[in-house]
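Labels run A, B, C and D following the written order; every chain starts at residue 1.
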Amino acid sequence: MMTASEVRVRYAETDQMGVAYHANYLVWCEVGRTDLIRHLDITYAEMERQGVRLAVADAQVRYQASARYDDVVRVETRLTSLRSRLLTFRYDLFRVPEPGAFEGERLATASTTLISVSSEGRPVAMPRHLRDILGQALLGSD
Amino acid sequence: MMTASEVRVRYAETDQMGVAYHANYLVWCEVGRTDLIRHLDITYAEMERQGVRLAVADAQVRYQASARYDDVVRVETRLTSLRSRLLTFRYDLFRVPEPGAFEGERLATASTTLISVSSEGRPVAMPRHLRDILGQALLGSD
Amino acid sequence: MMTASEVRVRYAETDQMGVAYHANYLVWCEVGRTDLIRHLDITYAEMERQGVRLAVADAQVRYQASARYDDVVRVETRLTSLRSRLLTFRYDLFRVPEPGAFEGERLATASTTLISVSSEGRPVAMPRHLRDILGQALLGSD
Amino acid sequence: MMTASEVRVRYAETDQMGVAYHANYLVWCEVGRTDLIRHLDITYAEMERQGVRLAVADAQVRYQASARYDDVVRVETRLTSLRSRLLTFRYDLFRVPEPGAFEGERLATASTTLISVSSEGRPVAMPRHLRDILGQALLGSD
C-alpha cells in the first residue's frame, strides 16, 4: 500500500536561503505517516487513546532538490517493515508540477523507524489487533 | 520585577524575507515567561506537575524592527497583572548590539494573557500558594 | 470577499499540554492570507518577485478553544483595510466538526496588519496595480 | 576540534507525547554547527555575505532518549569530513544533568552532510580561503 499526501509549503517553513528549511521535511513525512494510518481502520490519534505511542527512533533524509514557498509537495508513504515493537516507513517527496508541466521533480527520499512505547516511554510490543491493522499496509507494499 | 533572557536567532527561525518569521517572537516571549517564573521559587515545569496549566488566552505583538539570523535578542519580561485565573505578561524585545555599538534597537513589544486551566482544560483558580509565589513578581514591577 | 482555508493540525504543532501550541495559529493565519491573495489575480509569491514584500507590523490573537492533533481547522480570512502601505486582515478560526456533528466550535479570532516594504526593508507604497488587485478583496468584504 | 553548545528545550518544541518533537533535534544540530563555525575566524552569516551557502544534502538522527521541556541539551559538534563541495558534521546530544547528578544521559547521535551552493542553488566548490578556515576544525578532530 502506498498513500499520497499533499502539503503546500508555508512561508513559515522557508528560511533565508529562500527554500524550505530542511527539518520541515520530517514534519511532512509525519503528515504522510498520519495519512497512511488513517487509510487503515484506525487513526494515530485513536492509537494514542488506546495507550500506544510511536516514538521516532531513527530518521534519515536525503535531499535532492529544494522545495520553495507555495510549492505543493507530494509525499508518497509506504510501510516497509513491521515487527512487534518497530515500524519502518519510507517516504518519497516530489514537487507537484504546475498545470501543463511534464512531471514532478524529486525533492527527497526519507525513512523513519518508530518504536512502540508505553505512556511512560518504555518500549512495549504493540497489541496484536494493532499489528494486524498496520499489517494491511504491508501487504502489496511495493 | 523584570527578568531578561537572551536568545540567538536560529537559521530555522528565518524566512525567505531574510528576517526572523514573525510567529517566532511569541516563542521568544515564552522563553522570557519561563525564565521569569524560574526566578521565583518554582518552575513552570513544576507548576504543571502540581496540576496547574497556563493556556494562552490572548496575544498581541507590535513589530518595530526585524530580527535577523544570528542576532542576539534580549527579552525583558514583566508580570503586569495577576488575578485568580488570569495573568498578563509584557515583553520588550531588543537586538543586543555588537560589542562597541551604542545601544540595542527595539524589535517589538508584546503582551500575553494566560488563563489557569485544569488538566482537562477547564478554567480554574490557581492554588493560593502559587498566586503568592507569582505575586512576588508583581511587587516592584515597573 | 471572504476565503476559507483548511489546515489539519500536525503532531509537530502540538505541545505537551496536548493541544496546538498558540504561536501556530499565526502560521495558519498566514495560510489563510496566502489563499485570499491567490483568489485574486496574483499570488504572494508573484508579488515578491515584483519586489513587494509584506512584513507583519502587528498581530493579535484571541484564543477561545484549543485545537487538537488531527483536528481540521477552518480559517476564514477577510481583508478589512487597505491603505497605500498598510493592509489589515481578520481571521476567524473554527474547528471543522466531525461528520454528523452540528456545527464547528470557534477556536480563535485574529488580526494582522502588514506593511509594504522594499527588498531592503524600508516602508514603501504598494504599486498602483497591486493595490487595485488587492482592493477587489475589500469590495463586499463583510 | 569539538565545540559544545547548550539549548534549553522550549515549550514550543514539545509535542503531546510530552517530549521534544523529533524534528527539533535537527534545529539543535544547526545551533551546534553555527557555533562550531563561529569558533573559527568567520561566522556562517559572514560566509553567506561572501556568497557561499551550505545546503543540507543528507541528515541522519538516531534517537536514544527523549529530551523534555526545560531540559538543557548539550550538543557536541565535530566536523568529520571536508571536501571541495561537501562537509560532514557529527553531533552528540546529551541531557545536562541537574546539579549533583552524576552524568548526562545520551539523547541522540546525528550527522549532516552539507553541500556548497551558489546563490542560485548550484553546487560550487568553496573558495580556497573558506576551506582553509574550515579545515582548522578538522585538525585534532576526534
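Here, a contact is a pair of C-beta atoms (placed from the backbone, for glycine too) under 8 Å apart; a residue touches a chain by one contact, two chains touch by 3 or more.
What you are looking at is a predicted structure, and each value in this text was computed from that prediction instead of being measured.
Undergrad: Looking at A-B and B-C, which pair shares more C-beta contacts?
TA: Contact tally favours B-C.
Undergrad: Rounded to the nearest 5 degrees, what is the angle of the rotation relating the C-alpha atoms of subunit B to those of subunit D?
TA: C-alpha superposition angle, subunit B on subunit D: 180 degrees.
Undergrad: Going by C-alpha centroids, which chain is farthest from subunit B? Tell me that one.
TA: Relative to subunit B, the chain with the farthest C-alpha centre is A.
Undergrad: Centroid from C-alpha atoms only, then distance subunit B to subunit D, rounded to Å. What do you get?
TA: 27
Undergrad: From the mean C-alpha coordinate of subunit B to that of subunit C, what's the distance rounded to whole Å?
TA: 24
Undergrad: Go ahead and note the Å separation of the Cα centroids belonging to subunit A and subunit B.
TA: So the centre of subunit A lies 33 Å away from the centre of subunit B.
Undergrad: Please set out, as single numbers or ranges, the residues of subunit A touching at least two other chains.
TA: Counting only residues that touch two or more other chains, subunit A contributes 11-12, 16-17, 19, 23, 27, 30, 69.
Undergrad: Which of the residues in subunit B end up touching subunit D in this complex?
TA: Residue positions touching the partner: 8, 10-12, 27, 30-31, 34, 43-45, 69-70.
Undergrad: Mind listing the subunit A positions that touch subunit B in their complex?
TA: 11-12, 14-19, 21, 23, 69
Undergrad: Within the complex, which stretch of subunit B touches subunit C?
TA: Contact set of subunit B toward subunit C: 16-17, 19, 22-24, 26-27, 30, 48, 53, 55-63, 66, 121.
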